[in-house]
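Order of writing sets the labels: A, B, C and D. Residues in every chain begin at 1.
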Amino acid sequence: MPSLKDFEESVKRPTWCPGCGNYAMWRALKHALERLGLDFHEFVVVWGIGCHGNGADFLRCQGFHALHGRSLPVATGIALTNPELKVIVEAGDGDAYGLGLGHFVHSTRRNVDMTLIAHNNQIYGLTTGQVSPTSDHLMKTVSTPSGVLEWPVNPTGLAIAQEATFVARGFAGDIEQLTDLYVAAIEHPGFAVVDVFQPCVTWNKVNTFKWFRERVYKLEEKEGYDPTDREAAFVESLSTFHDLVCTPDECRVPTGVFLRIEGEETYQEGLEQLDGPMWRKAEAPRDVTAVMDEYLT
Amino acid sequence: MPSLKDFEESVKRPTWCPGCGNYAMWRALKHALERLGLDFHEFVVVWGIGCHGNGADFLRCQGFHALHGRSLPVATGIALTNPELKVIVEAGDGDAYGLGLGHFVHSTRRNVDMTLIAHNNQIYGLTTGQVSPTSDHLMKTVSTPSGVLEWPVNPTGLAIAQEATFVARGFAGDIEQLTDLYVAAIEHPGFAVVDVFQPCVTWNKVNTFKWFRERVYKLEEKEGYDPTDREAAFVESLSTFHDLVCTPDECRVPTGVFLRIEGEETYQEGLEQLDGPMWRKAEAPRDVTAVMDEYLT
Amino acid sequence: MAETSAPYSVEEVRIKIGGQAGFGIKASGQMLARAFVSAGLNTFDLTEYPSLIRGGHNVFGVRVGPEPVPSQVEPVDVLVALNQETIDLHLDELGDGAAVIFDPSEAEGPAGARGVPVPLDEFAETAGAKIMRNTVALGAVLALLDFPMEPLEESVRRQFSHKKPEVADGNVEAARAGYEHVREHSPEPVRRLVPVAGAAPQLLIDGNSAVGLGALAAGIGFYAAYPMTPATSLLHFMAAHERDRGVVVKHAEDELAAMNMVVGASFTGTRAMCGTSGGGFALMTEAFGLAGVAESAVVVMVSQRPGPATGLPTWTEQADLRMVIHAAQGEFPRVILAPGDHTQCFEFAWRAFDLADRLQTPVVLMLDNYLSENRASVPVLDTGAVTVDRGDIVTAGHVGEGYLRYRVTDDGVSTRAVPGVRGALQLTNSYDHDEYGFANEDAAMRDAQEEKRMRKLALARGLVPPPLVEGADDASVGLIVWGSTTMPARQALEWLAMEGVPARMLQVTTLEPFPADAVVRFIEGTPRTMVVEGNMTGQLESLIREHCLLEPDDSLRRYDGRPLAPEGILERAKEVASRA
Amino acid sequence: MAETSAPYSVEEVRIKIGGQAGFGIKASGQMLARAFVSAGLNTFDLTEYPSLIRGGHNVFGVRVGPEPVPSQVEPVDVLVALNQETIDLHLDELGDGAAVIFDPSEAEGPAGARGVPVPLDEFAETAGAKIMRNTVALGAVLALLDFPMEPLEESVRRQFSHKKPEVADGNVEAARAGYEHVREHSPEPVRRLVPVAGAAPQLLIDGNSAVGLGALAAGIGFYAAYPMTPATSLLHFMAAHERDRGVVVKHAEDELAAMNMVVGASFTGTRAMCGTSGGGFALMTEAFGLAGVAESAVVVMVSQRPGPATGLPTWTEQADLRMVIHAAQGEFPRVILAPGDHTQCFEFAWRAFDLADRLQTPVVLMLDNYLSENRASVPVLDTGAVTVDRGDIVTAGHVGEGYLRYRVTDDGVSTRAVPGVRGALQLTNSYDHDEYGFANEDAAMRDAQEEKRMRKLALARGLVPPPLVEGADDASVGLIVWGSTTMPARQALEWLAMEGVPARMLQVTTLEPFPADAVVRFIEGTPRTMVVEGNMTGQLESLIREHCLLEPDDSLRRYDGRPLAPEGILERAKEVASRA
């Protein structure tokens, strides 16, 4: 099985800004892959477009660098045609919750067995710092100089409202927890969402590492928190809606597993015809006589 | 002010199937408009494409029959450029929660002052009965003959998770309540969502008028229900996830106002520059000398 | 009366059934058509309906005869008027000696034409239910053609085989009642239609189903779509066979998802396809370009309807050709095939998969409402001819050391090793990239990859279906057509021959890469040529101008939502021929 | 050394600054350019950068001279190497007598060229912070040109005017340190660049800002976009002025929303626009067709970058022309304008709004990275020429009885009465429709509405900017160009004149409707013609073939992500001219 170093061999060195949260996420993913003991031919990683997506050049694997916002449907096409592959999606917040929001919610209710890791830096990194769908209310950016008038997308809340079976949140300041979350998510049968706060040190001067360090708490350490309780999970998700000036006491940000429901059927399990890689169906012409006969008069 | 009949004058007669839930919604809208005392030049109705959208031919008004799934952004463009108009959107479930789902969630968090009325018949009517995003789990349709593997979109839950300020549900079997909901929604400052169960008598043989009649209950009649309590509203929204065989006792379906938050700023209110209809900005060439001067060397 | 100079065959019959939408007119008509085909005859349907579930005016037309019938024609011999509106709307289409079947309790007879009153409602109710009135009318139609009842009875029984036996019995009774009533009260046949004994069995099939059969035969493993008329029935076809033939069928959340899913499915080596109409394809545009740069082997069916935007959803047009040729930013090779009839639908569909795999680039099948939704009788499809050529692909085992997904090669095609193959490390990329797949902005690498991709067009030229020429060698006029217009043009060609005007036709089957040489040869080898197509701006004609620097002598275009009429083609062709 | 035969002016200077992405190279370069322009000189920038925030190689080039400089040119006179990589990558671009400024503590001097070591880091740190090393280098550049320091000092102060005064002071100090160091240790100037006293003040502006100014002047009230290089800076421009100029600016959730919002905004009578690149436009395709059938007056900027798909996001290409001409299902009129320089960006932008209003149909402005993102010095824009012609619109009060939104008229334009106007009952519709706007499937009405819409193209021909001819009347060679390629072609034209090769140039400013007559006249009136464009398949050339049935004698195409080089055009043009 490949080890940490193998995932970096013969690929490019990361070009993210020094201090960028993407480094931690990159490391955590490699740790998780190593811990899961996945061989190179057993998993596929799909990336969207953005700073996070540049990571496609930094990981040795079977990879697909898709369009901005469309990594989930590409991944779905992969997952629904080869059940022997683990499918991991790395998306940005713009990617997953902006123009890709529809795919996000539909993937959730579809419960396709695959994992979404969202690099949530609350900003458009690669396109130089415009508002993202998760930017805080009233944040000023180059595309919203008078302040963002929307409230941020609540990805965990949406997933929870939409019958998700695995919803978690990580923070790039905690690689260990992140690695655990990745492992749990990839092992989870069904659609697993890991929303990760990934500070963008260049464009987002509000939601910094420090900002988060002062505010995060772990759900697993919260007295009596039950990650199978959808309503409790929903309440935790509302922490998304803080404003720019909230103090560390006022706005607390949970990390960890919000929700984990075991035993739900995955989309793939519902597909009787998915009895192996679907390319096998094209090993020779298919016999269609019986179908054609329906048109015989 | 126009009365009921005026809204029907010189337009076409409805061509919906006899018994279709769209008739009641059509009537309720006319009643609501009459009750609101809106003159023809004071409101705009935007439709999506579907059976519901055919209603564009049956209402006398300033209307816009938009693309399938894109009625909300068109309506947003209208609402953000003429604050003197009430904007009402009529969309199908495919329209609003299928390919338009992203716009739906983004409109919610944007709190644009306009009203969405969703004709939720849990089926694609106009295209002859395919699964819709709100079709029940395991329902069989022409495009899902082995049964729908997804869980239905939970529109009220998504809106509630996404900081909606007005979320309601109606039922085409109760015109009176529907009219009240329409009036309240249109009067609500901010984005108002009215999801309406609109039985499709032709293609949806599961969720019939009878089915609903046996299951609906009114939130306003529910002891202690507080429509400003987001968590309570969320719990009610989970009634979306019933299965095909649930008995009237098992699955109860709430109608009425789930959530109503007063006093939140609308998107329009946040736009200082929206000081009247924006066509006024083009009454004469704008002076750009000061802006050009920034480029002077 | 329909005015035209076309030399209609006296052996054939044109029947039209009109009434309100939502009353099963199409289903009844198809039942009738099947009766004819099972009796050894040939048929061609034309259904016209509005974008409504109920209300509005629906029309089912069928042309039937002992010889092949390549398209619909204008005059009507038997009009079944299920309401008064039908008489009002179609009276002027009646041919010589035509008759109109109507229910005197609901409509007045046709002024100035032969009326055949039949108490449709009454007989239907006697037979069991008012909904059977269409079936009563079918019986009446057969009586007016002096045609035996047995094929229709069989067809009715087959239609209702999945319902309770009473339903079939009732319908047979209804048909008989109509039949007997006409034989008794209006015995003179409009024309005598005779079954052909011992004819080879035929299929009665619409274009989309023929495409579906081709895709199934080719080993499709994934089909994704969002319903959109007139492509929707292909989704239904695929879904109906998802389990018995083993296809993952996904009714996706939108067309963007459908196309992106198909690209993902193709990545795993699966033969993958999506289908839509022009509006859905517009939404797929960006992902179509992804397939181009990622070098995905994908097949897309675009079935056209009149635009712009929602346009006329249930009508027909051929106005999306240029959109598809130029869809998506940047430049990359694509293949566009346009079948011209139902048999070609099958053949081009399975060939599309071989082409996509050989070229590792998107292949589009272009149909339109006219071909997608209407049925014709065709000889049994040649499933024995189907090949599966996956091209340069490794689906299992190992791939050699130093595998490069985007290796620059002479023909532009690189080895595809799909995920799961050992050693298939790669980055399939929407960015332009180096040979491994890493994003790369170097000018020389850009040139190398862009040129590599484009070289596939040269390879494609040797693989795609060539343009087809039909008709007289010594033609005085040549028709140039693409797609569904082949059908009425073929009819016109037959008539031209009958009228002694030597004519021929070039069907451009592959629109991209454009077969300029063959078109030049055709134009230069024919005294007069004209382009016939279903759009306003002359899209095929513009391709001829662009690629051949030639201008055909004339053109005939239609863009009112209706298919080209063979009568109109005939007339214009004669006029053009006479200029020589 | 750069090999070329171009007759470079000895009065001008070409400077290039290279280093790692993320260190403000572009900002420093622009500060330098502003210094030159404020001293009465002319400049033209060319920035090259990868799609990364940090890392990767960034280059800022500026050409400066006393005469107008229409484009970038190849040789470099002063190379500022902020790292060793810059020397390695650009050494072969150095012109005669060029010098390379480098920090000896970080890089080795250039082999075989004049090295000018300057302790950038050390001086920067002394001045306040290491980040000021670029500014030190700028001072060094000026010393090598024997150019006064004052304009740069002013430019520096202006750049940092919104920061603490220490920042500006530090930077001025840094620049001076570099300047003095070179004067002392490397006193021989590379060339002597002299300020032009009393020159008319000029703007230093990029194409997108010029478009933005045009849109503002035209009275834009709504701008929607989703960021996409190289269109993003127009969103920033609009957002920066949303309050002071009164524009509702919406960074939408995606491009589909942006375009649909703009259609909605146009419905209220607002002048509305969106901007994107090819990939975003691909997503707008369906709604673009909505604008067509709804007859919406909308303006769209498409700034191209190399595709397919994500392609090369920060580079340039002209390969989306055909996509835009044919975008969306069905057929409807559209106008496509391609400004060829920064001044035209302003003019075509405001004209686009008049055209959209007059024609009630979408108007597209096509730029590309090269024109959108790079700055040039231009005379102050002619804001006095701006008109606002809203066409046939009623925005307030009443509209007459029996108002019909889609009345069939001779020129295709119907009165627009916007919501809020009394009597403006209507149904703006994505379905094809009758004159009121109700969905309508009647064949005759379809023809009437389709033809009505298309008639606007004829009207457009009289309103759109005509193609522009520059150069010699007795030309032996004619260049045909569109969009940003006008700039290097104009430079080549100048050089051709200097070399005694009479040449001229046709800039096709309006691509749709295509000015076939003017192009034919140009081709027939010029002994030899060649098309120069930034794509692989020759998109403008294909339009000439299609519309003119003519083939220019030669073509020069570039598709490696870089703009056409004037040197390459010169050489090819001379070769083509010599064939005559």
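Definition applied: contacts are C-beta pairs under 8 Å (C-beta built on N, C-alpha and C of every residue); 3 or more make two chains touch, one makes a residue touch a chain.
Just so we're clear, the structure is a prediction, and the values are computed from it rather than from any experiment.
K.L.:
Have a look at B-C versus B-D and report the one with more C-beta pairs in contact.
P.N.:
More contacting C-beta pairs are found at B-D.
K.L.:
Name the chain whose C-alpha centroid is farthest from the C-alpha centroid of chain B.
P.N.:
That would be chain D.
K.L.:
Cα centroid separation between chain B and chain D, in whole Å?
P.N.:
Chain centroid spacing, chain B to chain D, equals 42 Å.
K.L.:
Could you work out how far the Cα centre of chain A sits from that of chain D, in whole Å?
P.N.:
Computed from C-alpha means, the inter-chain centre distance equals 37 Å.
K.L.:
Report the inter-centroid distance (CA atoms only) between chain A and chain B in whole Å.
P.N.:
30
K.L.:
Residues of chain D that touch two or more other chains: which are they?
P.N.:
Where chain D meets two or more other chains at a single residue, that happens at 51, 242-243, 253-254, 256, 279, 286, 290, 294, 309-310, 429-431, 439.
K.L.:
Multi-chain contacts only, two chains or more: what residues does chain B have there?
P.N.:
In chain B, the residues touching two or more other chains are 49, 54, 65, 67, 99, 101-102, 106, 133, 146, 271-272.
K.L.:
With touch defined as at the start, can you tell me which chain D residues reach chain A in the complex?
P.N.:
21-22, 51-56, 226-229, 232, 235-236, 239-240, 242-243, 249, 251, 253-255, 279, 309-310
K.L.:
Spell out the residues on chain A that touch chain C in their complex, using ranges where they run on.
P.N.:
11-12, 40-42, 44, 46, 49, 54, 56-57, 60-67, 70, 73-82, 84-85, 102-103, 106, 271-275, 277-292, 295-297
K.L.:
Any idea which chain A residues touch chain D in the complex?
P.N.:
Per the stated touch rule, the residues are 15-18, 49, 51, 54, 65, 67-69, 98-99, 101, 124-128, 130-131, 133, 142-146, 202.
K.L.:
What residues of chain B sit close enough to touch chain A in their complex?
P.N.:
Checking each residue of chain B against chain A gives 99-102, 105-106, 109-111, 133, 146-147, 149-154, 157-158, 160-163, 230-231, 234-235, 237-238, 241, 265, 267, 270-272.
K.L.:
Looking at the complex, which residues from chain C come into contact with chain A?
P.N.:
So the residues of chain C touching chain A come out as 34, 37-38, 155, 201-205, 209, 213, 216-222, 224, 241-248, 250, 252-254, 256-258, 260-272, 286-287, 290, 294, 350, 353, 377, 380-381, 383, 386-388, 390, 395, 418-431, 437-439.
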